[in-house]
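Down below are the structures I want you to see.
Each of the next two complexes has chain A plus one more chain, namely chain B in the first and chain C in the second.
Up next is the complex of A and B:
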């Protein structure tokens, strides 16, 4: 009985559990450190369990709908709604499920890690309240089927994200980065809200599926498309709108940075959703495919070239995050460009999209892992400056192993997960345009070069006197890193089950616009 | 003709307010003034949302002593309320950031707040 009740209300619990954990945090925090930490672990475990159970249900039985406030939440059009979805509907298809899995795994890893990493800070109740709000915002963004609801969750994740970026005041530097992030996010969100106003003014609907079925592609709709696509591209950190990423990623606590990566990917999900599901066949495939491809190639190249000269290890990794986002944009962009051509789509389009989507989950794991190792080094050595670090491999062997796993994965070296998704991208993009594929490979080589340098200056060399007191990091930090590292290795050694069970359904969901609409409107 | 102009008036106001807000954000160097520009744009977008919800000759769906005629679904009004609440939260947070920055840097001039580079 309990089981079915929980299973039926999973989508509501997906948001309710982290919000509950967040809002009770200040009260629970008053009861002492042990109780608070127990509450944090409990909240993180419950959130991940709900997320993974929901994803499993979606992959086993197909799209899950949840109508908030209706007597029967799984019926998209209740009797009293007059044939249109007037309530907020959560629509979790395989693509959303993929994003939910990413957020669940990553949030679990970073919360365990943060228990030890942040233990020396003050004001931890607020920190964890914000962290759970950020998690709730990201989970909401990827599950909602309602455009205004998407905006609300976008704002929740932006606000919580900005507050977390500024959390370690750090003589004002972190607050400066937080202000920058908050300003840009708010400006972007205002643009999204204007687009929503334009769409509801014309079509009297906020539900994505309903809007998609009614869209006429008027001049106003084109304006709305620009107002939606540009802010979302900015929020996912694509060049030339990447300038906030290095600042925010560097100054945020490392556990938060690892989840900010996931929050950027939720914006990437939003961008794909808008292009594929909302506008779909109304767009000129080639134009918008190339829009994504150009963004992707620019991000890959500019990101990696900016990363190489960096002295601050987290800033360097932040530029690599920009660069890796390029791969996802490139893969999905190639798929979008050939969407109107069934032959090319079957030959390489789907593979390219699978590569792009697989890279999203792989990136969240290995980049999260890398940021966590950078945080571990900062935790013990007290500096992030590559010129001052050195010889840490003697005393922090496990951190070094985790860093190696992450670094080899980001560079696309077999047998780690970065290689699995990059291989899909290389081989499919090569059939679309060999030139693009070669750029992608060159960027990978530059990435490898950059991380070899980082590895060398952080871990190799003789023991240094100033780091004599350095020891291995506490167990919770290692456990958080290990969780992500295990995924990186597992998805690298056996990528096929992941691709078949998780990625291919997501690709189908991305392409199947009619299915998304029919899930709500019943095949009209 | 005049009634059509009157109906279009809110949209003109929206455009004017957005342009003013953007101009303030781009031209001012004081963080607090930039935030005021952002706030102005927020109000403009809220006005835009409410304006799209206006239906001529219809009444709000309140069922006591209701006059005859169509009712308008107040979705956008609900959206606007939500958006105002979000706007308050954003402004409060960013103003508190501005306060911390002033304490640490001794200035609110964005051209002098530049410790982050590269």
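Up next is the complex of A and C:
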């Protein structure tokens, strides 16, 4: 089974399948609603199946290489290349596999959800084409081993994301948010491109592993580091560059918002990859560890305090997304800060990174779930204003249950998955600096307070006359939410298998810079 | 806005030449400067020429948005299928399996200056054609949307 045709070409299929689904969409869209929906489901199922199979293969057999256009897919250095991987190489290690799993699960949930949620909109074939492009862009970003290729996929996901944010024109409000997102993404991508230019000008290579092995840390390299790290921190929504998130997350259709979260996390992956793998030991660990920690603490605190006064439920959740990103930055930042100290790394550094990485997948699931429930409420009640909503729990019990699961998970209440990853972060960060750990706990308490308020104003209270026609949302929307809710509960009840099988290998991959380089250049 | 008969006739005359030149740039993509994107853009300027010289409704009778959208998707599909074809030749995605021993575009080029043989480069001409069709469709749709404001002035 391991060496069948499909298993051998999984990394290529990971990109080709969603692209194929996207490109055929305008033609299939002409054949009627049923055919189009069937094609959407087929595309989403195939993409997720390829993603999960690839992740399974990586976790079972180690890093998977795929060289596009070569004589054989797993030989990065052909005889005539002179010791440089000249072609585009996909290098999927355990960290990439974690991100692929996140994108696969989330994309399946949101596409099923969107079948019903978007059914009242026009121009759906374009919507789905863009959605599959976004999925392909995110999957490409997390699996490529080539810096320029990373830029290309960053652009694909940014442009498709901007188009989707603007999809519901909404009297120009959504278009403004889309334009803002497109402008900032383009600016960020330009900076990334400049950095890539600086690197290829000096080292004559684009492959991440090759660059990492040749890097001298000249003044230009430091400039390139800034030009890479800042845009990626902006794209993952870290304070003080978070200002695009509330607008984009609020106005995008909810299914898209849930995947924009994953897209932001792909940028977070890029940031970690640049810091750990590309620059690695050239950096001063403490400085850049604290760079991530400060970004993280700022994001956590500013995000949650901005969330509390919001009236729009999706805007509130968007600020919480900023706040939760802070936990990931904090966890991995602590790991980076003690990377040069084997003793501290063994004691709590790896646990902190495991907490941060585990929080990425947990966040994608529960925050996706929360955005989907907000979309479900908007779908039936027609408003996102918390002051106008109320009493929906009577008629939308399943949506309410899903919301409760998501809200308790984001607040870090056991036995949901948010608790599992936050506990890892609290414990390990406490040994690094008790003060940071206390901030993290306070932010969690504020998050809980905020979501208690949201729960109360949306679902509790007597039935309201203006929402008399409200019913439970259609089955596809419930199915999409249930998929994510099941993961939230499962990873909360039994976190150990997830940590052992998925997270620990990812932490090892993040730390093991030499292994990443050797996977490409080891053949010399 | 209504252009004179001279302008309209000239635009009509130039339109096929635009297409032919664009097509030339596309199919010579692997030999000369330019390629799929550039050639496709040249072809799409033909539409821009017609749109400027004539009224919008007059042009959409000949160049349809729906057909152009199909062009866009078809071009992308050609590109993707060319990539897939490598898999079925037992090589990785996007492998240039046509180049030394395929049925088409297989001639090897001798080192040094040469006149430029069209029948070379394997998969690359196919990729160029795919991109050319895609850009022709995509840019034409964009032009039609952006210039849809150009209308014939009502006679008083």
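Rule of thumb we're sticking to: the second predicted complex is superposed on the first by the 519 of 524 C-alpha atoms of A that agree within 3 Å, B and C clash if a C-alpha of one lies under 4 Å from a C-alpha of the other, contacts with A are read in each partner's own complex, and residues count from 1 in each chain.
Everything that follows uses one rule, which is that contacts are C-beta pairs under 8 Å (C-beta built on N, C-alpha and C of every residue); 3 or more make two chains touch, one makes a residue touch a chain.
This one's a predicted model, so the numbers in the text were calculated from it and none came from an experiment.
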Request  = Report for A:12: first if it touches chain B alone, second if chain C alone, otherwise both or neither.
outcome  = second
Request  = Would you check which partner chain A:193 touches, where first means chain B only, second means chain C only, and both and neither mean what they say?
outcome  = first
Inquiry  = With both complexes superposed on chain A, which partner does A:183 reach: first (chain B), second (chain C), both or neither?
reply    = first
Inquiry  = In the superposed model, which partner reaches more residues of chain A, chain B or chain C?
reply    = B
Ask   = Now for A:152: first (chain B), second (chain C), both, or neither, which partner does it touch?
value = first
First (chain B), second (chain C), both or neither touched by A:171 = first
Request  = Identify the partner contact of A:71: answer first if only chain B is touched, second if only chain C is, both if each is, neither if none is.
outcome  = second
Inquiry  = Tell me the contact category for A:26 with respect to chain B and chain C: first, second, both or neither.
reply    = second
Key: Footprint of chain A on chain C - complex, ascending   = 69-70, 72-74, 76-77, 80, 83-84, 86-87, 91-96
Query = Can you name the residues of chain A that touch chain C in the complex?
reply = 5, 9, 12, 16, 19-20, 23-27, 66-73
Message = Residue numbers of chain A touching chain B in their complex, please.
response = 86, 148, 152, 155, 159, 162-163, 166, 169, 171-173, 175-180, 182-183, 186-187, 189-190, 193-194, 196-198, 200-201, 204, 206, 246-247, 250-251, 310, 315
Query = In their complex, what parts of chain B are in touch with chain A?
reply = 25, 31, 34, 38, 41-42, 45, 48-49, 52, 73, 75-76, 79, 82-83, 86, 89-90, 93-94, 97-98, 100-101, 103-105, 113, 115-116, 118
